[in-house]
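In structure tokens below, several structures.
Next come two complexes built around chain A: one with chain B, the other with chain C.
On to the complex of A and B.
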């Protein structure tokens, strides 16, 4: 089955019957997933959005519940989950959602806010026919031609996309698109071959022994300690919670936090176990390349290259992977 | 520029070998041809890895703060923008001149996506204003770059339009604080946004809290901004922060008659010093 490019707008309009459709677009100069509206500035050819799709499931600022304090103290839960269709997510984006699922849904505690949104999300992923110079997904085990956890996969053709249904939610999408699809498949384009390739094998072998390695003494020095890398990263999931108060009434919120901020690990009394950029950058890289692998069997980096593209200092996690691989241990 | 690079490497190699400096802050290569990374040369052998080309976009001055508590002298490459940033940091009490060795490099502007970097377009000081030695010959300064052009344009809009403009821009802010961390005038030991349980700055990324941060930062540096454009360059959301900073710079210059920030390491600055002659229109 093929969706021709000329039918894309009709298809997106048809999908709005199923829920809010989010597409890669440009708003006020920022590339991100935006609610589809007819005539919007959508761009399915864009390799990667600057902002990742994680806020679809895990908003940067999420209202959790309202409350009043005092003798009439009361709580009211806030649930804003709605049916959403993430259209045109890249294979790395889909893989990043798999990482977030592991964090918020697996294990003893299920995050209700995430679960609510996740249950109502349909992922229509678009395989990549071209890669950006900063893409290194393949090195991180992501196939730019596929997205196993997507409900539907769009594989680019010369004139549109071939559709591969991968779940029941995907079937619902196909039904909504009936009448807009060609029965035959189009001529599929070969998947992108990112030029940036790094070798994770030696990293996997030794990184768990490298906490005290001298490599961290130099690696962090260009880092200015901003939150850019963590906020543009599709898999970084740290958050903090706190209320917004108006008199006796308040709203509890959670908002993205960043392990690169100096106050992230500040304890009561002022002690900070990660006092400098060295400990913070080490933590970020070790979390992505070591701790997460130990816990969930996969890296917390999907090789999307967003942090490489946007770091003010041009720090490059793919370069760090190489340096860790080359580092002498013992 | 390859001449400058070679001379820079030679000089840094000697300075490190002679023990004149303990470390040199310059630029180094990345895997991408059009990007460099701040590079710290610790040993004479490291000098060969220094790079100088039209992609040296980072303003290095703030890295000098890494050595603020060190007893040794740190070396640093200074173009016009770095030299003014160093002056700013000294004037603000964050650095000591005698503990810095400044290797001046006259600059003809950097490239961003193939054309003159936005931050260099309005530069009035391509030659370092302070240095211990200079590599190469001074270059001609740009003649009257229209540094307030965008401000004048904004000033001519109605207040409603200006309000809408900034609301739309700050709606995009993700509160990564890259602007603050890159800015040489944002050099407080502890930023008000990081202070514990003061409640001054909500962490919510919404237009209101983002604007509180954006405008507070702009006011706080209004009389000290050296117009290096680093904040705007590093902003991942492309917010035109220099329009705001230059508006304040322009107002401070016209209201207080101050000179541009960072031309000397003299501590006086318009909003931080009391002067009986100051305007007091509203009192």
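On to the complex of A and C.
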């Protein structure tokens, strides 16, 4: 089945009956996923949005519960999940959602806020026929031609996309699109071949032994601790919780936090186990390339290249992976 | 708000509780007895487990549960920052939030039949006290009990009633208390915990050492215990990192791939040697 480009707007309009449709768009010059509205400035040709779609499941600010203080104190849970369709997410972004699923849904505790939103999310992923210069997804084990955890996969053709249904939620999308699809498949375009290639094999072999390696004395030097890398990263999920007060009433909020900030690990009394950029950058890279692998069996980097593109100090995780791979260990 | 967060699907939602008793331990430590607003114990804990205590509108922080009764939990809080300043203002009847229990616990099963050596400094006695109380409650399960405790001065010793009244009366138990600086109201040993530990010359045979205190004291005592012949598997300690969620999601309390809130706070020295040295 093929969806022709000329039917895209009709298709998105049809999907709004299923829930809030989020599409790659541009707002104030920033490329990100935005709620679809007829005539909106959508761009399915852009390779990657500047901001990742993680806020769809893990908002930058999440209201957790309301409370009142004083003798009549009370707490009231807030649930704000709604049906959402993430349309046009790239394979790297779909893989990043798989990483977030591991964090928030697996293990002893399930994160209720994430679980509510995840249960109501339909992922319509768009495979990539072209790559940006900063893309290195294949090196991180992500196939730009597929997205195993998507409900529906759009595979690009010369005049639109072939649709591959991958779940029951995908079937619901197909049903909503009936009448707008061609019966036959179009001529599929070959998947992208990113030019940026890094070798994770030597890194996987030795990184767990490199905590004390002198390479960290070098790698962190350009870092100014701005946190941009964690902000644009589709898999960075660290958060902070705290109250917003209005008189005696308040709302407990959850915010994105960044392991690159000094406050992040500073304890009451002033002790900080990660006092400088060296310890913080080391922890971020080791978390992505080693600790997460130990805990969940996959890397916490999907090779989307956003941090490479946006770091104001030109820190480049793909280059770091190369350097770690080449570093001498005993 | 959950009436009982133990049964709630949302682990980040605190249970509404009230302070039922406040006891000043030292100039900067107070002990709080906490109960659910329905008059029950907020949750059951095992020795060494943690609770996330919150003051609505101010903040939340993780503390060890130092004791539990049939219908209460106890936490001992040292005044060190914004939140503990505010918590120290609380009076019986005041409302707090509580989540938990979090973390693993002291090895209460594998230590059965062994002699116990509890070593702690300052507020570090708070987590260790939960194990000491457990051992006395199940006295027949444990061998000889030595409790070594030190603080900056006599005034800074916490849980004095137990240290000087209750615990010395227990059978097969010795107390070894020391202070960094002597004073007219102190007749006992003066000196830091690690040298006093070596002076006491405990035999490692059949013994488990449980250690908690400030990082410098822990590091020195680990060296002393190794020197005294204790194997890495015979030494248990607790780690502290800044924590926020308590459920291994928010990211900040990791040491290597372990989360202190989830996989800790209790580790054997053998386990610690496998982790990056970042505390």
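In this section, the second predicted complex is superposed on the first by the 330 of 330 C-alpha atoms of A that agree within 3 Å, B and C clash if a C-alpha of one lies under 4 Å from a C-alpha of the other, contacts with A are read in each partner's own complex, and residues count from 1 in each chain.
The rule we apply is simple: a residue touches a chain if its C-beta (ideal position, glycine included) is under 8 Å from a C-beta of that chain, and two chains touch if they have at least 3 such contacts.
Remember, predicted model here, so these are calculated numbers, not experimental data.
Taken together in the superposed arrangement on chain A, chain B and chain C fit without clashing.
In the superposed model, A:119 lies in contact with neither chain B nor chain C.
In the superposition on chain A, contact of A:266 is made with both chain B and chain C. Once the two complexes are laid over each other on the shared chain, residue contacts for A:29 go to chain B alone; chain C is not touched.
Look at A:237: by the touch rule set out above, it reaches chain C but stays clear of chain B. Once chain A of one complex is fitted onto chain A of the other, the partner contacts of A:159 are absent, as it touches neither chain B nor chain C. With both complexes superposed, C is the one of chain B and chain C in contact with more chain A residues. Once the two complexes are laid over each other on the shared chain, residue contacts for A:275 go to neither chain B nor chain C.
When the shared chain is aligned, chain B comes close enough to touch A:226, but chain C does not.
In the superposition on chain A, contact is made by A:107 with chain C only, not with chain B. Taking the C-alpha centre of chain A as the vertex, the lines to the centres of chain B and chain C open to an angle of 90 degrees, rounded to the nearest 10.
Taking all C-alpha atoms of chain B against all those of chain C in the superposed arrangement, the shortest distance found is 6 Å. In the superposition on chain A, the residues of chain A touched by chain B in one structure and by chain C in the other are 240, 242, 257, 266. Touching chain C in their complex are the following residues of chain A: 64-65, 67-71, 73-77, 103-104, 107-113, 211-212, 237-243, 245, 250, 252, 254, 257, 259, 264-269, 271, 273-274, 279, 283, 286-287, 290-292, 294-295. Of all residues in chain B, those touching chain A in their complex are 30-32, 35-40, 58, 62-63, 66, 168-169, 171-172, 174-178, 180-182, 194, 196, 202-206, 233-234, 236-238.
Chain contact summary for the complex, chain A toward chain B: residues 28-30, 50-51, 60-61, 133-134, 196, 218, 221-222, 224-228, 231-232, 240, 242, 244, 253, 255-258, 261-263, 266, 310, 312-316, 318-319.
By the touch criterion given at the top, residues 1-2, 9-14, 16, 56-61, 80-84, 95, 97, 215, 240-242, 244-245, 247-252, 254, 256-257, 262, 276-279 of chain C touch chain A in their complex.
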